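A, B, C, D, E and F label the chains in the order they appear, each numbered from 1.
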Amino acid sequence: MSRVGVYPGSFDPVTRGHEDLIRRSLRFVDRLVVGVAEHSGKQPLFTLEERVELLKTVVAGEPRVEVTAFRGLLVDFARRVGASVVIRGVRAVSDFEYEFQMAFMNRQLWDQLETVFLVPALELAFLSSSLVREVARLGGDVSDFVHPEVERALKAKFAK
Amino acid sequence: MSRVGVYPGSFDPVTRGHEDLIRRSLRFVDRLVVGVAEHSGKQPLFTLEERVELLKTVVAGEPRVEVTAFRGLLVDFARRVGASVVIRGVRAVSDFEYEFQMAFMNRQLWDQLETVFLVPALELAFLSSSLVREVARLGGDVSDFVHPEVERALKAKFAK
Amino acid sequence: MSRVGVYPGSFDPVTRGHEDLIRRSLRFVDRLVVGVAEHSGKQPLFTLEERVELLKTVVAGEPRVEVTAFRGLLVDFARRVGASVVIRGVRAVSDFEYEFQMAFMNRQLWDQLETVFLVPALELAFLSSSLVREVARLGGDVSDFVHPEVERALKAKFAK
Amino acid sequence: MSRVGVYPGSFDPVTRGHEDLIRRSLRFVDRLVVGVAEHSGKQPLFTLEERVELLKTVVAGEPRVEVTAFRGLLVDFARRVGASVVIRGVRAVSDFEYEFQMAFMNRQLWDQLETVFLVPALELAFLSSSLVREVARLGGDVSDFVHPEVERALKAKFAK
Amino acid sequence: MSRVGVYPGSFDPVTRGHEDLIRRSLRFVDRLVVGVAEHSGKQPLFTLEERVELLKTVVAGEPRVEVTAFRGLLVDFARRVGASVVIRGVRAVSDFEYEFQMAFMNRQLWDQLETVFLVPALELAFLSSSLVREVARLGGDVSDFVHPEVERALKAKFAK
Amino acid sequence: MSRVGVYPGSFDPVTRGHEDLIRRSLRFVDRLVVGVAEHSGKQPLFTLEERVELLKTVVAGEPRVEVTAFRGLLVDFARRVGASVVIRGVRAVSDFEYEFQMAFMNRQLWDQLETVFLVPALELAFLSSSLVREVARLGGDVSDFVHPEVERALKAKFAK
């Protein structure tokens, strides 16, 4: 039996923390579909296409990972790609409360989908896309936090 | 002595969780005034009038409950309707921190008003209006989470 | 209809924080039964009888409050005294998690019993019986935190 | 490739919450080893042998689950049974902090072992072995929370 | 050796809580630079200039405190003013998680800058600028929470 | 003006996390007194004398740090050694709640004593004395977490 996992997020942009989670996920799924969600509320920094492209660059060479955009409910997306597991990283407490809510809601919507939480690498545990955007916007060095290609994209974005 | 409670919120829209809280409140107040607050910051999905109407539909047949919109400070509203108790539900930790702040502030503004926190039914503990809006917006089934009338209103809203 | 509340705890010993909660409770119950629980695990500082006596001293003159020891399940005790409401104070987050657990368990055991949480006076929000015992044991001044009679009892205890 | 998971705990006694976690775990491991840890500090209610026996009763008929006692470090146990994944359930926030600590420590001790957190069934989310022991000790009905065999064992224990 | 601290924030507007933190900070730094940050995201109520002016009014007469606006990264600002310590107040749990993130990020960006957290006066522990703005906007009395000059500025703002 | 800080704890035993905090503290106090508290409740693994000796070994060569045992209230100890600042590290949320309580209590007992919280090095943020004791007791390798002398002492302790 082949196990498929989905790793959903907005990845605006993908960070070293996300990369770490993807690597960890591959330890217990056979195939991982990274699902890039359209932002519902606030305007993202990168377009959906840009976010997908950056992720593809970052996971290139990892044949078991697929990157794709998705619209609509996560449970419908998971069903479509044949996933039985949703992967989520947890960073902090406030985080976790929201994650709990989502996990229960998704289970209510489709009870064949199990959410599993992974612990990021300690040195990445404080990282978030919004923090990276903020530092980059203010001209700070984000090379420790993102892939070189993402760093380049951030610089291009804020040079405008 | 007749005890009056207020149950304030934005109810955008009212969920099964709110209904549950209203029922529980009636165990220790004689009369409950549900106060629908104008949204201060972000644009609500339903207008103030729509939110009041949906609540009225939902609590119809419960003679001890009254639904009304309010503007201004909660303490002033409570004083106006003769309430001595504010009812709040608690869901999560981050929630609770904010609730604590509000309770202390309201007590500072009028020390005759006591805030009491109730625990929602377990199966509704993960529910929130924003989660319901999100699921409905994405075309998900929310019939477990809201009154049929609210479900209809959500569908109408997102069909536009 | 007369509303009876129970306020359970180990009160080892009763603090100004507990007194504050008792006063606040009287705003929405007609009668309050303070239930002093036997310690299940660790050895208390004061015996059950001493804890009841100190509480009686502290609430003397308040005709709507009754103090009594109890053994067994809280829900059985509440049923016996005709209470429909359990009063609990919340201080902190870790606290609250435990309180949530108890509230759900008690509801499962008897669904006619509602738990309500009250916010203590701000200046007492950091107080706990164990902190008071610790400070008294080390010879610190606890007169701001407990009734004079309790202070005397603590001194007598630690003078031994 | 066959994936083996370990689900460690003291299971004093096993509850419906643990059973739920075991079932969920089987969705993404091929084989699950439930590891019953010796209590390090406090005296358990049930002996190590009793706890193992009750678990075996509860998971009987599930060929992919094995129950065994273990002494020493979890990472050594996991290595011995060929596990690459540790399964943990999360209930509450304070819980989670401790779990985080353990997960980081275990990763430091053996970085090939990944900890994954699962969300229990909502109606079991408030359950814990200690709560069950407490209710049983006070004569309460725990039949909703544990397997009939465990209920019998609890009654026998407290009848003594 | 002279120790310089920075106390960064948006101060929209400065509250009695901020004043309290400034006073406490002076106990272990020789000079304190209050850094008023430009709002990155949402529109502030007061302009950067107004916020700086109100702070200057509030700390007038305190020769060891300097108020200045800053743009860009906090670590760059701290370096520029010769500070080795960042002062932050903590109010609540959700707060603290964010603060942790920022402290780790800033340390990564410049490891000579240490973040220290101070506990506000208990009676101000629930206060925040956003709560003050909200109460003032609704016509409530904020004289307990802010300096008279700030109260005047809030009234002028909302009278418009 | 010379600033003296106290860093209180039970240090059972001192870990790399404590060493990190000591180093960080020296950035804003001129002299640091590490106060080793007698355990009030549970039996420590190391005697008071052993804990003081291990700390002295660990901080040897740091002329601005002094190690001493203390009995009684922290505020009295701080007064005796001329300290105006208490240093505390924060690791986790549940931690922090307790720390808040202590900080408020100590301020109430002596308002000239300010508590400051420091953030440990990220790679030590999950470390605690109890975790180290547990791992050492089970025969695990703790050389990453403690000074070689402490490792030797732990081995000697558990070899008995």
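One rule holds in what follows: contacts are C-beta pairs under 8 Å (C-beta built on N, C-alpha and C of every residue); 3 or more make two chains touch, one makes a residue touch a chain.
None of these values were measured; they are calculated from a predicted model.
A.B. asks: Show which chains lie in contact with subunit A and also with subunit D.
C.D. replies: Under the touch definition, subunit A and subunit D have B, F as mutual neighbours.
A.B. asks: Following contacts chain by chain, what is the lowest number of steps it takes to reach subunit F starting at subunit B?
C.D. replies: Contact-graph shortest path, subunit B to subunit F, evaluates to 2.
A.B. asks: Compare the two sides of the subunit C and subunit F interface and say whether they are made mostly of the same residue numbers, over half shared, or of different ones.
C.D. replies: Both copies touch with mostly different residues.
A.B. asks: Taking each chain's centre as the mean of its CA atoms, which one is farthest from the centre of subunit A?
C.D. replies: Between subunit A and every other chain, the largest centroid distance is to C.
A.B. asks: Can you check how far apart subunit C and subunit E are, centre to centre, with Cα atoms defining each centre and the answer in Å?
C.D. replies: Centres of subunit C and subunit E (C-alpha means) sit 39 Å apart.
A.B. asks: Please compute the C-alpha centroid of subunit D, do the same for subunit E, then give the distance between them in whole Å.
C.D. replies: Their C-alpha centroids are separated by 47 Å.
A.B. asks: With chain centres taken as the means of their Cα atoms, state the distance from subunit A to subunit B in Å.
C.D. replies: 33
A.B. asks: Mind pulling the subunit D residues that touch 2 or more other chains?
C.D. replies: Where subunit D meets two or more other chains at a single residue, that happens at 93-94, 97, 100, 104, 122, 126.
A.B. asks: Each pair of chains that touch: what are they?
C.D. replies: A-B, A-D, A-E, A-F, B-C, B-D, B-E, C-D, C-E, C-F, D-F, E-F
A.B. asks: Please name which positions on subunit B make contact with subunit A in the complex.
C.D. replies: For this pair, the touching residues of subunit B are 91-95, 126, 128, 131, 134-135, 137-141, 144.
A.B. asks: Along subunit F, where are the residues that touch subunit A in the complex?
C.D. replies: 93, 122-123, 125-126
A.B. asks: Show which residues of subunit D lie in contact with subunit A when the two form their complex.
C.D. replies: Subunit D residues touching subunit A: 3, 24, 27-29, 84-85, 90, 93, 96-97, 100, 103-104, 107, 114-119, 122.
A.B. asks: Under the definition above, what is the set of subunit E residues touching subunit A in their complex?
C.D. replies: Answer in residue numbers: 40, 71-73, 75-76, 93-94, 97-98, 100-102, 104-105, 108-109.
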